[in-house]
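Which chain is which? They are A, B, C and D, in the order written, and residues in each are numbered from 1.
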Amino acid sequence: MKKLSLPWIIIPTTVALLLPLFLRDQYFLHISVLILIYTGVTVAWNIMSFGGVLSLGHAAFFGIGAYTVSILYVDYGVNPWLGILAAIIFAAVGSLVLAIPLLRLRGPFFTLATLAYVEVLRLLAIWAVPVTNGSVGITTPPTQGLAYISFESRQPYYYIALAFTLAAIAISIWIYRSKLGYHLRAVATDEDAVRALGVRTNRVKLGSLLISAGMTGAFGAFAALYFFVIEPDTQFSATLYSIQPALNGIIGGMGTIAGPIVGAIIMTPLGEWLRVTFSGASQGVNFMIYGAVLIIIVRLMPGGLVEGFRAIARKTRRGGKGRGGKRSADAKTTKEGE
Amino acid sequence: MLEVMNISAYYGDAQALEDVTLSLPAHGVTAFLGPNAAGKSTTLRVVSGLIPAATGTIEFEGRDITGTSPQERVAMGIVHVPEGRRLFNTMTVEDNLILGGYTKRKDRKTAARLDEIYDHFPKLAERRKQEAGLMSGGEQQMCAVGRGMMAGPKVLMIDEMSLGLAPVIVKQMFAIVKGIAATGMSVLLVEQHVKNALEVADFGTIIDGGITRATGTAAELRESDVVRESYLGH
Amino acid sequence: MSPTERGFNRRSFLRYSGAGLLALAAAPALASCASRGTDATTLRLGAMYPVSGTNALLGEESWRGVQIATDLRNAGGGVAGKQIEMVFADVPDVNTAASEARRLVFNKNIKLGFGTYSSSLALAATEVFARTGNAYVELGAVSEAVTTRGYDKVFRLNPTAADMTGLHMDFIQNYLAGALGKPVKDLRVMMLHEDSSYGQSIVSLAKAAADKIGLQHFEAEPYSAKSTDLSSTVLRMKSQEPDIVLAVSYAADAVLLGRQIRDNNVKLGAFVGTGGGHSLASFQKALGDAADGVFDVDFTQIHVNRDFTPGIEDFISEYHKRWNAEPASGHSLSNFTGAQMLFDILETTGGNDDPEVFAAAARKYHREAGTSAAGWGYELDAQNQNQQGSMYVMQWSGSKLETVYPPEAAVRAPKLITPFGL
Amino acid sequence: MDYLLQTMVAGLMLGGVYALVAVGLNLIFGVVKIINFAHGELVMAGMYLTWWLWSAWNMNPYVSLVIVTPVMFLAGIAIQKFILSPMQNSSPTMKIFVTLGLSVFLQNLALWMFGGQFRAVNFPWAEQNLSLLGINVTYGRLTAFIVALALVLALFYLMKRTLVGKVLNALVEDRETAGLIGIPVKKYYLAAMGIGISLAGIAGTLIIPFQAAYPLVGAHFTLLAFVVVVLGGLGNMAGSLLGGLILGIVETLAGTYVDPALQQVAVFVVFIIVLIVRPQGIFGGSARNAEVGLK
């Protein structure tokens, strides 16, 4: 990603914009909206991984966003658009709980702290019945219209989701290429060295946390309006909104721009397809396959799909010359693995 | 006894070694010299098997060992004392030493070897039960060398032994190393201070920029004009 | 150690195949063709139950009842000459429920859906059906919210949380108070409930129901169904010394609760389970004799007055045939009954599942209590809630969960036995 | 007072279970440096295996340890050899996700094989009460607690006194150097995985007399076990025991005196606070966790 090549931006964007014209089936549009939501959350998650940080706490930000918009709308009559704005702010503020662990901990310890945070919020959402309506959840009113982000057709949802996702991607590209992104990537390589150069690494990491959380909150809020019903076990589900985005990112290629997008586009329909195909046949088979596929992909393409395809492309282009490069890449990863 | 022939190696995409050739006799001290980032430590890592050689071969006692694992090489008698000592800090000195003798654990002579180490380094005997991380730099270096010797090496490669040690301790250490070499093993000393090293060493090899520049007896190198100009700073 | 030329080739081959696998997996998702929905010969209905994830156990049990009802009806000629085809969707969580409802409606052209076992799943699924102008029939979820949102094409055939708490209090007032020899106002009653939508739906109504019968000492305590230890809950219970414990549990926690009550030697006057866990055969299996005397308020179970539940034998024998076991809980029977009523309604429309037509027929349909396999009748109220579905009180006796209250459905009278063998 | 005492005892018993699950994880996390998200599912596997031996062969659950232990040891070796070892050079993140995949797979394998039904072993001896000073403990829980203690002591001895233990300790601290001085690292990874996972299996066997098995039972244990390991310090077996007991007591006290619905919240809040205040763990040696903080 040295230079943004224009065709790579224009072509997919155009395709995405025109898609509803060709794809009138509401169910496929629905899947497309799901893909967009997941792409957005994954792209948001990925901003933290620019800095080499693995967060499994994004379900927390997603859930905060969902609950913020729903509670404001249902209990206080706040317009959902304003609610989404509030969701961004609340999710960012909510992420501050993780700020201290983020700055003090490295590697798996931070990851575990983020998982614990999701769990705490889930349990609190179940417990605080007067605010959250507990496990029964909150249902947003059926009033339709652009002002309420509620429509009969999937098309407007699709375009709103697309706008959100494109904005998220734009922000992510902008960050990647900004000084913040440069510092983040440097932190990912060697935090101590970067700090020694006088970069305020704490500020950099905190910035990525806040931006990432705020973006995730926006998608959580949109998803709440899109699904109508929110409930703690789903909205604060580590599996759905922490692990799945991380998985998309990793399968596509963590810390790259295109990786998360590719990952979400592939993994979301895969999950849907497995469920649709195997559910009802025998309990659990679809998730068994999902787990197995996950193991296989991670085992065979540890650099992610984007990297994997690139390697294949390089290999075919260069014929057998890959050997030296391959070997050195191994040496490098060995070192990182320590 | 150990012949390193024309090896190259990479860190990531960066080439760290281009063409290094190194030969060790069956005993005596060989100094392996060169400026910072010349590729000395990398060479050692290739010899001990931590990094694969991209090209070139390594022979030990007439056998090609280029493809063997670090463990096999230790078992054969090629032992690497890494830069920065890398002791197991939370474990006792004695446990560190015992682990050093891991490859020889089955010959039931661990106690005898321990005694031998304690003879060489009486300080370590005093500190046997102390956590290794809590000792002074010099003591830690002794422990690291002792740990290497526990494997019963034929070739002992010590990386940057004098780094961060007081000059008095450095002198002591050099003397001890010379003593060890006299018991019939080959010691490879990696040093930045060319002059100090050439004073204790019997032989020397100088590398720079990942390429072997000069090889000879210590005396030859001390007298060589090139070496004097480029590395001894006269 | 170092990768050889061959190794690298093999690896890249595996990578290709990994990518191919993915492409293979993704392609049919986008290519799968839409179904036509109901046509002249086939009635296609959408069935939504959680058969994976946390609700898998009772979701699966519920779905079994529907399968039996469908097969029996198809064997008998179907509905108005049409064969019934179930388009099934697994809905482990709320977002999936919304998502799958969309798939059924748009991709499968389903006009009439039903399910769902869990209340939050039901809310999500019905929202989609209702907002797209389709009809949905709930057969298992108990939360009041399912039918109180004002959707005119969302129906519920099963009794609700209010029926459960109502029966709790009825049973306390008319039997337990007398059997324990204390007036209702002096009884100490504690409701322990797991904190999923099931437990929370019930507890939200319990307080009011308790007030209604003049129960002054009523406490509610939540706990997490996922907990692996309920010591705290049981210790709190011990300190409160309740006469009656009303427990609302899922599966594993019901066993855990029972065992820990026994372990901590908490002597109770009576223990009344509420649906879910306490009616499962494996609850009795796990506790053995200690389960004797435990009451349970739930959907109809198989040990019930057979005169009151015509058709139950068919259900039981069919269940045996298919799964070689007794029904694990009453959920299969209630969903079986609900599905049968649904088919009967569709019979009156001539197999037409158009939402408007179905809704009109559903509102018109009527059935007396004691004429279905679960003993339920059928009479919708203004909110499309069936008024004639009822809950019963059962009691464990050996390996049988026998219906003991109200008398018309009972196979025997209730007996007061100190629960958990204490 | 009795009430408090009973609460504390209940907490201790629960803590014993946590410690039991955590020691195996500690070994794996410490030595192989893998965040094993499938650990709880392996406890679940132990539970199902014990249940199956009991229901099909009427085997006493405690006797079934002679089968469960080696089977789970082999399972651990297989997981290391076929799944994790080939990924040795991948980033830690990748290893996390491979274990996540394994956990999803095992959960649903259980659902597929046994259905959602919960499977309890009805073993009357384990359910008898030991009553002392008005405090009740069942033999099942007591046995689990005592075995946890014994296993932790045994591991403690192993780690301190034997060569294998010293090697494992060395691997916890610095695996590159361990390899450099001739230790066959891969072999010891296999051993650590084998031991760690057989410990998970043993935990499953000891739990099942009082806790039914169902497909999602393990998920609950995984995160808790990590909390215990982090509290106690990596590679520190005694720390895991203490961490487990503290967690058990915190959970029970919070549940009894605050609100049963919040007992888990208390546990995770304690965890996050400890991570913030003392990331090396309450009893952790300072150097180790910092190093495994994985740069």
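Keep this in mind: a contact is a pair of C-beta atoms (placed from the backbone, for glycine too) under 8 Å apart; a residue touches a chain by one contact, two chains touch by 3 or more.
Just so you know, these numbers come straight off a predicted model, no measurement behind them.
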Report the chain whose CA-based centre is farthest from the CA-based centre of subunit D. B
Looking at B-D and C-D, which pair shares more C-beta contacts? C-D
Any idea how many Å lie between the Cα centroids of subunit B and subunit D? 42
Whole-angstrom distance, CA centroid of subunit C to CA centroid of subunit D, is 34
Inter-chain centre distance, subunit B versus subunit C - centres from mean C-alpha coordinates, in Å: 73
Between subunit A and subunit D, what is the separation of their C-alpha centroids in Å? 31
What are the residues of subunit B that contact at least two other chains? 52
Residue ranges of subunit A touching at least 2 other chains are 123, 126-127, 283-284, 286-287, 293, 327, 330
Within subunit D, the set of residues that touch 2 or more other chains is 108, 111, 115-116, 176, 215, 259, 261, 264
In the complex, subunit D touches subunit C at residues 3, 6-7, 10-11, 13-14, 17, 108, 111, 115-120, 122, 124, 127, 129, 131, 136-138, 141, 207, 210-212, 214-217, 220-221, 251-256, 259-261, 263-264
Within the complex, subunit D is touched by subunit B residues 48, 50, 70-71, 74-75, 79-80, 82, 86, 88-91, 95, 98-100, 102-103, 105, 133, 147-148, 151
Under the touch definition given earlier, write down the residues of subunit C that touch subunit A in their complex. 2-3, 5, 8, 11-12, 14-16, 18-19, 21-22, 25-26, 28-30, 32, 34, 51-52, 54, 56, 60, 88-90, 93-100, 102-103, 105-107, 119-120, 123-124, 127-128, 130-132, 143, 145, 149, 195-201, 204, 222, 224
Quick check on the complex: what are the subunit C residues that touch subunit D? 51-54, 56-60, 195, 221-224, 226-233, 235-236, 238-239, 251-252, 255-256, 259, 262-265, 282, 285-288, 328
Quick check: in the complex, which residue numbers of subunit A touch subunit C? 25-28, 30-31, 34, 123, 126-127, 129, 134-137, 139, 142, 152, 223, 227-231, 233-235, 237, 240, 266, 269-270, 272-277, 279-280, 283-284, 286-287, 293, 296-297, 300-301, 305, 308-309, 311-312, 315, 320, 322-323, 326-327, 330
